[in-house]
Amino acid sequence: MILYNQEMDRILKTAEEKGRQVLPMGTVATYIPELGKADGSKLGICIRTKEGQIFQIGDTDTRFTIQSISKIVSLALAIEICGFETVFDKVGMEPSGEAFNSLVELDLNSNKPFNPMINSGALTISSLLHPELTFKQILEFTRKLCMDPDIQLNEAVYQSEMSHISRNRAIAYLLESKNIIETGVEESLTLYTKMCSLDVTAVSLANLAMVLAAGGVHPETGEQLLRPDTVKVVKTIMLTCGMYDGSGEFAVRVGIPTKSGVGGGLLSVVDGRLGIGVYGPALDAKGNWIAGRPLLEYLSEELKLHIFQ
Amino acid sequence: MILYNQEMDRILKTAEEKGRQVLPMGTVATYIPELGKADGSKLGICIRTKEGQIFQIGDTDTRFTIQSISKIVSLALAIEICGFETVFDKVGMEPSGEAFNSLVELDLNSNKPFNPMINSGALTISSLLHPELTFKQILEFTRKLCMDPDIQLNEAVYQSEMSHISRNRAIAYLLESKNIIETGVEESLTLYTKMCSLDVTAVSLANLAMVLAAGGVHPETGEQLLRPDTVKVVKTIMLTCGMYDGSGEFAVRVGIPTKSGVGGGLLSVVDGRLGIGVYGPALDAKGNWIAGRPLLEYLSEELKLHIFQ
Amino acid sequence: MILYNQEMDRILKTAEEKGRQVLPMGTVATYIPELGKADGSKLGICIRTKEGQIFQIGDTDTRFTIQSISKIVSLALAIEICGFETVFDKVGMEPSGEAFNSLVELDLNSNKPFNPMINSGALTISSLLHPELTFKQILEFTRKLCMDPDIQLNEAVYQSEMSHISRNRAIAYLLESKNIIETGVEESLTLYTKMCSLDVTAVSLANLAMVLAAGGVHPETGEQLLRPDTVKVVKTIMLTCGMYDGSGEFAVRVGIPTKSGVGGGLLSVVDGRLGIGVYGPALDAKGNWIAGRPLLEYLSEELKLHIFQ
Amino acid sequence: MILYNQEMDRILKTAEEKGRQVLPMGTVATYIPELGKADGSKLGICIRTKEGQIFQIGDTDTRFTIQSISKIVSLALAIEICGFETVFDKVGMEPSGEAFNSLVELDLNSNKPFNPMINSGALTISSLLHPELTFKQILEFTRKLCMDPDIQLNEAVYQSEMSHISRNRAIAYLLESKNIIETGVEESLTLYTKMCSLDVTAVSLANLAMVLAAGGVHPETGEQLLRPDTVKVVKTIMLTCGMYDGSGEFAVRVGIPTKSGVGGGLLSVVDGRLGIGVYGPALDAKGNWIAGRPLLEYLSEELKLHIFQ
């Protein structure tokens, strides 16, 4: 899919406008004080094609924390390192119909977290990763996937999150009580929170999305960073579970596997074609980025990106 | 996608074998006595390409009741006749994380049923359809979509279901109490149950699947039976919600929008390429056809049918 | 316990005042249109001692529908006629922690309704009664228990309730689907609704309460209307479950087995001593009578009526 | 209520027999390994009258850990020290309809734990106590209430519980995330677990029960150990919530405010008359002592102890 510059300029401009129209109705996440300092008027879009083209508009070089989008990286790594069966013996693959931080589902459904995109699932994934890899190794790999050697831990956000971690800590100990987390509750929490606190840009996310779109292959070096099977699983789970309890509607209206983060990032994978990264910290009531749906709905329609187009 | 006869013969034979291996572990649905009379050893597969080719093996001319697969037809019709906004004002698009006949979700989540594939959603769809169309008109349209003029109401199954309808009746009155069903609770129940009691074959289902795969176009006459937008919505909802609380895992492992029915039918849509219809009344614990997953997992892999292949 | 007239005049006057103070914050139930016609400023209190004394103040001769207080009569009758074991094989004795008309608890806890004071339990009780007794017989017995031969079915309320019965109908069919209601869903609904639509006064309720306080014996004729064991069960369930999900706090603060009804009635049984009937249709958010708690809290303290005083 | 020795000997013997009959069907709690070492064939009953009489049979001098019965002591202390309003601003008074260690109720019902008898409520009570009193002070007071200066912390059980505390830790951090526990999650957990690990006997429990029966007064010294109002609240909550999700049935069948502990203890308060302490570590499926109900049902009937007798 070769996109033409002029055409893309027009399309990105319109997409940006669609997004800016709804920005005033959103609010920056404040449950972590440090996140509350973000500028809700920021907006940036970056598109990368499998062929290596790059298109961007707006605030694409602003750094922000990756937050829940890191669940994608962790899931992919866990499948690669621990194996599909080990991972999904501990975590399900089902959309939950509940909010991202619910404990109810986990307490009633005693075997395992519904999926790796909700906090209970992601904490379980962390507990599988921390005995295998150091944070430094995972950070290094994230930089590679994002083609962004400047990704760092945002220490201020990390500290702020660690001091507002009661609910995740409750979830993690509940997982331990059910033998889902077997070792290192505190280590799992620390790793999870560090992963959420990595500073990325819309461009880093577009790069990561492109690698996923390309079946795990680095478009420039041709290196196979992730196995095709891993990537297939990750994309499917992004589609069915990536937008929490709004995933179904997003799949219908946009039809692109997408993961959002409360830091304001959004990563979309158009399988076999494009990677999209967006930044904009104003969120809607479900914790998804408010400009995300109209903006991506427009791109999906204009560029025929829906899985069932 | 042109498939070659010899190749397909071999593939279908292997798929049938994969299915037959697990048949002994399944059981025929018995909660409706009339369904309990089905022969659990039956197995039939039919594949139709968008180009009009047909491949089949096993019991593809056995008649069985369509059951929940009719939810696909009703949803498509409701979108066409009442409009997307009207339909989804009454029913959600979210996977529910709960069993197909749960009332819990509906009672806690007071606005609307999670999606049109669970009973509460399908009953709501029926309540939208019954003031607009007669059962005879809907039957006529179903015959057209399935290219099967011999589809009839199975009177014995219909009567049997009507005398075991307490739970659906409970759901329907709960919907009325929430003003989700606005008129005709009993009419909605009747229409819903009649739609479930239509006698189809694996070939009828493959035909219907092919129309969906072809964007709503009849492959022989070229007639636009359903609008492309309607078909896009239906396929997406099949993917995220079609296998109830096993939809997520099915999407990961098989990756083809699919809808099963307790009568033993299974309908899969490979977008832009194929329609698949399967028959086999032996079910697993979640009410999905037991041979379905291994059989379709094999076909998906062999023919590269996964959405993110 | 002999009470002195002058003393009681003062106490009742103060109790009435305590009630009147909060009346303006309550609202008349409106979910049944006919109930919405009640006059929220009405207030009446009647106290009867086991020895036959009667004290009253305010609107004690106003007729109003008994509503959920009839659950007391039905439960007592069912125990007498069907036996303790039969009744509690179908209905539990546990406080539910949920609202009076919840379906969730029933759907998750598949065996039986939590208790006979919530709608699902009371409908089950009705299903046990209707094959044994005609409505006329039950009405006759209610008149006797209340020492009030003028109790009639309020036809307007009955009709109004029957046309707003979807939720109870949903509950009843759910009970049928679980084989808890075995015969006559519609008959059970009718009987239940008729029982709720009986017109009583604060005096009728005080009389009924006195019979319960006196272990089932009519204080004037000495007739054993209910067996002591039946009455013991009824009083205990009133204490633990009578005020729905506010029962626990009511037991702590007031400590008198009490049952309220949305029609504005309230019946309290001071075991071995007194029966209290109150009327006042202004309700609080939980569907309990708003003046009830302050008024009864005062009476409980002043007359030392708390079970653990 | 003066009881006669000969009569009481016979009654206690029969009560012991009733208990011993069901012992074989129970099992010692094993979720804490140290508790699993208890001897399931032990059985001891002690009754103390308000007048100071003492009757006992069986293993009444065996030491065992008080476990959840300590919730009674903590609740009483918290009301005395922090005040009724402060305590019940943080914890409800409603029976929960759920198991003692459920998180569901707490997550859905966001304000506060249902009551102080379930773990979430008791942990909240601990968080109110730990800034006010040292463990040593509370231990001292417990010894006084139980008239047992030999009560000690059972170090082995305490250590065993601390290494199986994940679920309670999850609950405590969930409480912190909801601002119900405001300070010292780990301190609250430690205090709670220490209180559960106190070694008592059936006699200690009977003494404590007698103090509660006597309105907070020490029957020998006449000292007012707890205020009458505090004791009234505690007894009511024991009645409605003391036996977890079996409280309602226990109230109907036995009708005595009772609290059980998984260590095998059971404490019953016959208001104004008796205190009963029982020991027997064989438990039923709900975590209540298996011999408790038949034994107390017999005592309740024989001695007319039911609140509504």
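In this document, chain identifiers A, B, C and D correspond to the written order of the chains, with residue numbering beginning at 1 in each.
Quick note on the criterion: contacts are C-beta pairs under 8 Å (C-beta built on N, C-alpha and C of every residue); 3 or more make two chains touch, one makes a residue touch a chain.
Nothing here was measured: the structure is a model prediction, and the numbers come from that model.
A.B. asks: Taking each chain's centre as the mean of its Cα atoms, which chain lies farthest from chain B?
C.D. replies: Centre of mass proxy via C-alpha means gives D as farthest from chain B.
A.B. asks: So the centre of each chain is just the mean of its C-alpha atoms; given that, what is the distance between chain C and chain D in Å?
C.D. replies: 32
A.B. asks: How many angstrom lie between the CA centroids of chain B and chain D, rounded to a whole number?
C.D. replies: 55
A.B. asks: Could you pull out the residues of chain C that touch at least 2 other chains?
C.D. replies: Residue numbers touching two or more other chains: none in chain C.
A.B. asks: Graph shape for the chains shown, where an edge means the two chains touch. Line, ring, star, complete, or other?
C.D. replies: ring
A.B. asks: Can you identify all of the chain pairs that touch?
C.D. replies: A-B, A-D, B-C, C-D
A.B. asks: Can you check the complex and tell me which residues of chain A touch chain B?
C.D. replies: 92-98, 105, 114-115, 231-233, 235-237, 239-241, 245-249, 251-252, 255, 257, 271, 306-309
A.B. asks: Which part of chain D faces chain A closely enough to touch in the complex?
C.D. replies: Within the complex, chain D contacts chain A at residues 102-104, 107-108, 166-167, 169-174, 176-177, 185.
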